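Order of writing sets the chain letters: A, B, C and D. Residues in each chain are counted from 1.
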Amino acid sequence: MNLDRRTLLKLSAATATLGMAGLPARAQAIDELVIAYNVTLPSWDPTVGPSAVNPTIQGLYQSVFDQFILQQPDLSPAPGLLTEWGWNEDKTQVRMTVREGVTWHDGSPFTAEDVAWSLARVANPETGSPIQFVWGTLANHRVEGNTVIADVVQFDPTIFKWMYFLTGYVLPKAYYERVGAEGFEAAPIGTGPYMVDKFERNAFVRLKANPNYWGGKPDFDTVTIKFVTDAAARVAEVESGNSHVTLEMPYEEFDRLKAKMGGVAAPISDIGMIFLNDIEVMTDPNVRMAAALSIDKQTIIDRLLSGYGVKIDTLQTPEYDAYDPSITVPYDPDRAVELLKASGYGPDNPVKFKIQTTRGFKPKDYEMVQAIVGLWRKVGIEAEIEVYEIAKHYELRAADQLAPAAFYNWGNSVGDPTTSTGFAMFGPSPHSVWDGEDLINMIGPLWGEKDEAKRIEGWKAVDRYIAENALVIPLLQYVQPILHAPGVVVTPHASGALLPHLMKRA
Amino acid sequence: MLRAVVLRLVTTAITLIGVAVIVFVVIRVVPGNPIALMLPPGATEEDVARLTALYGLDKSLPAQFLIWVQGVVQGDFGTSITARQPVLDLVLGRLPATLELSVMALVIACLLGGVAALTGTRRRDTKVEGAIDVANGMALSVPDFLWGLILILAFGVLIPVFHISGRVTPSLDLPFATNFYLFESLLRLRFDLWADIVSHMFLPALALAIPLAAIIGQLLKQSLKETMHLDYVTLSRTKGYGENHVILREALPNAVLPTLTLVGVQFTFLIGGTVIIERLFSYEGLGNMAIDAVINRDLPLIQGIVILFAVIFTAVNLIVDLTYAALNPRLRHGG
Amino acid sequence: MAVEGIDGRGRVRRRAGMRLWLSGLWLALVALVALLAPWIAPKDPLMQDLFLGRMPPFWTPGAEPGFWLGTDSLGRDVLSRIIHGARVAMTVALVAGTITALIGATLGLMAGFLRGWVDLVISRMIDIWMAFPPVLFSILLIAVLGPGLTSIIIAIVVIDWTRFARVVRAEAMAQGAMDYVASARVAGRGRIGTMLVEIGPNVLPTIAVLLTLEMGIAVIVEAILSFVNLSISTDDPTWGGMIAEGRASVHQAWWVLVFPLVTLFLTVLAFSQLGEGLKDRFDPVLR
Amino acid sequence: MSFLSVENLSLRIRGDGARLLRSVTLAVRPGEVMGLVGESGAGKSMIGKAILGILPRAVELSGGRIVLEGQDLGTLPAAERRRVIGAKAALIPQDPLTALNPSRRIGPQITDRLVDILGWDRARAEARAADLLAEVQIPQPARVMRSYPHELSGGMRQRVLIASAFAAEPKLIVADEPTTALDVTVQKQILRLIRQMQERHGTALLFVTHDLGVVSKVCQNLTVLYAGAVVERATVGAFFAGPAHPYSRALLAATPKYTDPTGSLTPVPEAVVAAVRAEVVAMDEAEDG
């Protein structure tokens, strides 16, 4: 039913302004690109503090700083500031060759010294780096010519993957030591495709293209990223032509405007899932399995998310290394009813538990849980919804006090099974909620497994076990909607990062 | 007169201390401690302990408060957890934006409210006054964030006359020393910049102003209608003056005074209201920062922002009382 | 020909009638709907049908019979949700409004009449409370108390009692200075007795007026809180929640936003007009 | 030829038509002092308001006309009528405490009419105001012009209002119970002042009062009103010798005499009231019939 403006206008004068004709976006060539971004940038240091682990702002960091290793749009690694990297035979040392001829934004030369210093800095607990537990596995970083060598204190198969993931950025040693933390916050420099021209907190950041970027000068000389936290305001920005590109808007709006302007929606390394806590009714496998089987994931994606979402049955997405398409959990409400009956539950005596969710943190998060609760109600599961803020979710999860069911999203842009199934399901990790002994024993040996093929197979077996016992309910892989004016071509990045240097003039 | 000033300062101090204590306790009782926010996948127990100690959140409540107070005395309001910068700089950096928006909203409210009240009085007991009353009622019964929503859709997108986000067009180079863009652009006679800033601020200011305008409109009309019955107004008519002159020259100056104190109080609610409107219009003021601070449980920043709001509130009250005394001849000339 | 009315003064009729009637009628309707919600709502407000998502109101083509005002993105009936939303709105308005009035008025009365250190303490409390930006304070409060109907009511009471306290205190002070109070004191009535018996009734009309205005404000605050995603946690529908949800897909399903918006608007307008009408009726001074 | 001629003036309440004035006719010659007497609510001050064009909104003219110096005010457009009244007539209000604008200085409240309505230049207006303030025996007129109303006593403020009325050289002044709000001692001085100013400026004076004692000392002739109708017209001398109408006689009997303060007062007898009420009813039916 398309919108008939006359009926709306006839309806009531006071709300007539809600009738939307929509204006054709200005199509002429764009010299200064303006992006309406969905979150504000709290701090410019990508290696310490809460913003270092906030996946939504990594795109801003990747515009100004380079990571040790470049991650390509399909999540695969490629030579970045390091041209080659690897362990020695007995995996007691790591060796990294550093790219030459690169300069910092202030013109000073980029050297292997910067890489060694950056690695040592995030390994040092005093700096407050949240990923110290990974970088701490390397020590005694030293430089030989344009190579950096470090001793492996404790083998971590994913160490090089972290070099293109959270906090894996190279900072300028000389400049940082000269201006100090506060000076760096005021005037950050990196080796990245764009330089920071002007930063107005909570408002916008204006970027100038880095003329001698080692990866080639980006198309747009000036890029302004406006921080517009309200989704409707972002849509209004691009629709009124004030901005050229925006992301994270309701899918209905994306459908409406993509015809008029340009739109691209690609799956990203972020999944929606329901954590199950092994307390109360969730200790009964029949209840868990019934809950998993009675969720019609595809209908929810089609009806609620206008089809923008990829149904998943394990914590891996097709792009991840340990993805196994053969593990499936079908939508089978009848079987769910049988299972519940087996445990003594039914429509007249429904199983009751609480499900927690955020509201407005991820697209349609609250509506999805409402839809799931609706589906559960049909098979005899009475779930009571409790809304909490993302901050409270982290605290409850850290203290292992989440409700029997809790909806959450899990980002993992390196695609490695350890940072998805691993941290989410491994008992001792403060992030997992499921404490089953059997799972701990299965996952234990995989942390240090040196044979890559054997390691991946191990993780697939863990995923299969989890699916068969419904220890967690994966729902979908999110699809990121990006709207852009006709004058610009946007290449989406599977990590969900919106990168201006990947945007070309149409 | 001095005694009154001293008494006033003492009461203000008590209010600020009261606010500081309450907000300090409330935000530390709030579930979701900031450290948990910082924990990425895989962090371990001692990571939690290490970071908690780093931010001094492991000490007892009174101890934390003492540290905070000692800091405040030397002008150090602590460091923001998310922005990793001194709270004072962050907060003072954003204050001008909120103040300018509030002042602009006040001006719009006074204009709208004034015109409504004067027309209502001029056309009193007619359909015109009835319409104004209903309009005031409607303005009051729609929350300001809904006005914001309607304005965005109406003048931002349907008829794109005004900007709908941010405070100034980012591509402009701003030669400003202070953060008071609006006032400084006037002082520097840069009307091009001034126009751009006003175009950004007009819709949020209007959304804030509408409820206040309705209140001013009603109060001032009420006060005007009562003044119109007084003898000196009738006497002025016998001198041959027309109705408009009588309302503006004789009735208005005396009707404004009682309305002023009530507007003062409402103005503080308006400043409180910027929290939502700034969020809707992505306007980088104190309010917008406040919501982020609460979502991210940035305790020192929340503390700083609430204290600053309290200072603004007490300052506005002081200004209102002073203008009331200045305007009221009886107080100004004693006797 | 009436002779006694010959001098003609005091005959000017009061004009407020119309507005008072209309607002009273609308509020009675909403209260009734709130009371009978479960029986008169055509559908179960929580019942979802994903295949019936975003059905338009009955008069537009493509409407689904039985869903008079259409459905939202989850296929729930908008009309039933508005009816049940009335229950939440009325509870918030009545409960929050009355408690705020009780606490605020009593404190105001005590401060205004007993004066002395009581007044000092209460005035300082009023100042401190008003120094908090209301919306920010309620966000913090809801974060502490957790979302839910009770925490909203507590948030409203904690924020708005100062409005009553301030007005009642001023009124009590003014009344206190009147002669009739002095005479009551002379007649041997105790301080507290005087306060309750003498001042109370005279302050009552002001409280009644403020109470109606406060109810309107309570409904608006609930809408603001659901806009900031803090309102009721469970499924049960609130007008504010429907407006917040409808906002996202206003171009595809405007009715999900418009109908609760209009209902909220009319209810709050009715409260404010009722308050104004009562003010005219009670305030003898108004010529 | 009379300066002011009120002919069959009738006023009603807008809407429900209750009668306030019943075809009142009276005329005032230049320099004459006419008293308008009646119980409160008899409509005497309503006549003054009608003449000065300051009737309350709820009252409408239902008959008759007011002619000022040959000009029928009813025929003039509102704006011009106001200016004519402003130039030719002035009001001495009843309550000096509320008749001066509290937030404006005294000087401008006198000179504004002279400059804005009569078109004088500022200097001449201020000089005039100072002269008048001196004439009404106000010490240091210059300082008083700069001060605010709340700095003056009730009596002083009434003097200012009298000065303001006479400053514009009006041909007619309506004094609406100018002494009722003042305490007794000040009343005598103000009455004597009004009388002196009237004689010196030769202004026609319409003196509205309920106090026959005041009439006897200030007015030349008087008109007695009951329920908005003229009951009797006479010169002061003839009236105090022996009023023609029974209601007038009863009214006179009910008024304390300065000369005989202890004399007993007889309230207006019921019969007399009934009689005059019947007269009024008859007038109405005649008009309605």
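Basically, a residue touches a chain if its C-beta (ideal position, glycine included) is under 8 Å from a C-beta of that chain, and two chains touch if they have at least 3 such contacts.
Note that this is a predicted model, so its numbers are computed, not measured.
Enquirer: Please list the single chain whose C-alpha centre lies closest to the global protein C-alpha centre.
Expert: B
Enquirer: Contact counts by the stated rule: is the higher one at B-C or A-C?
Expert: B-C
Enquirer: From the centre of subunit A, which other chain's Cα mean sits the farthest off?
Expert: Chain centre farthest from subunit A's centre: D.
Enquirer: Starting from the mean Cα coordinates of subunit A and subunit D, work out the distance between those two points in Å.
Expert: It comes to 87 Å between the two C-alpha centres.
Enquirer: With centres defined as the mean C-alpha position, give me the subunit B-subunit C separation in Å.
Expert: 23
Enquirer: Taking each chain's centre as the mean of its CA atoms, how far is subunit C from subunit D in angstrom?
Expert: Spacing between the chain centres: roughly 52 Å.
Enquirer: Where the CA atoms of subunit A average out and where those of subunit C average out, how many Å apart are those spots?
Expert: Subunit A and subunit C have C-alpha centres separated by 43 Å.
Enquirer: Two or more other chains touching the same residue: where does that happen in subunit D?
Expert: none
Enquirer: Can you tell me which residues of subunit B touch two or more of the remaining chains?
Expert: Within subunit B, the residues that touch at least two other chains are 31-32, 125, 138, 149, 153.
Enquirer: Two or more other chains in contact with one residue: find those residues in subunit A.
Expert: 14-15, 18, 20, 22, 232, 389, 392
Enquirer: Which of the residues in subunit B come into contact with subunit A in the complex?
Expert: Residues 31-34, 36-45, 47-48, 50-51, 54, 80-85, 90, 93-94, 138, 149-150, 152-154, 156-158, 160, 163-167, 170-171, 279-282, 284, 288-289, 292, 295-297 of subunit B touch subunit A in their complex.
Enquirer: For the complex, which residues does subunit B have touching subunit D?
Expert: 125, 230-232, 234-242, 250, 253-254, 257, 327-330, 333, 335
Enquirer: Can you list the subunit A residues touching subunit C in their complex?
Expert: Spelled out, the residues of subunit A in touch with subunit C are 1, 3-4, 7-8, 11-12, 14-15, 18-20, 22, 231-232, 250, 252-253, 256, 299-300, 303-304, 359-360, 367, 370-371, 373-374, 384-389, 392.
Enquirer: Which stretch or stretches of subunit D touch subunit B in the complex?
Expert: Of all residues in subunit D, those touching subunit B are 52-54, 57, 79, 82-87, 89-91, 93-95, 98-104, 109, 112-113, 116-117, 147-148, 150-151, 161, 168.
Enquirer: Show which residues of subunit A lie in contact with subunit B when the two form their complex.
Expert: Touch residues, subunit A against subunit B: 14-15, 17-18, 20-23, 32, 34, 36, 40, 42-43, 45, 48-51, 53, 125, 128, 130-134, 166, 181-182, 185, 198, 200-204, 206, 222, 224, 226-230, 232-233, 236-237, 239-242, 389-395, 397-398, 412, 419, 422-424, 428-431.
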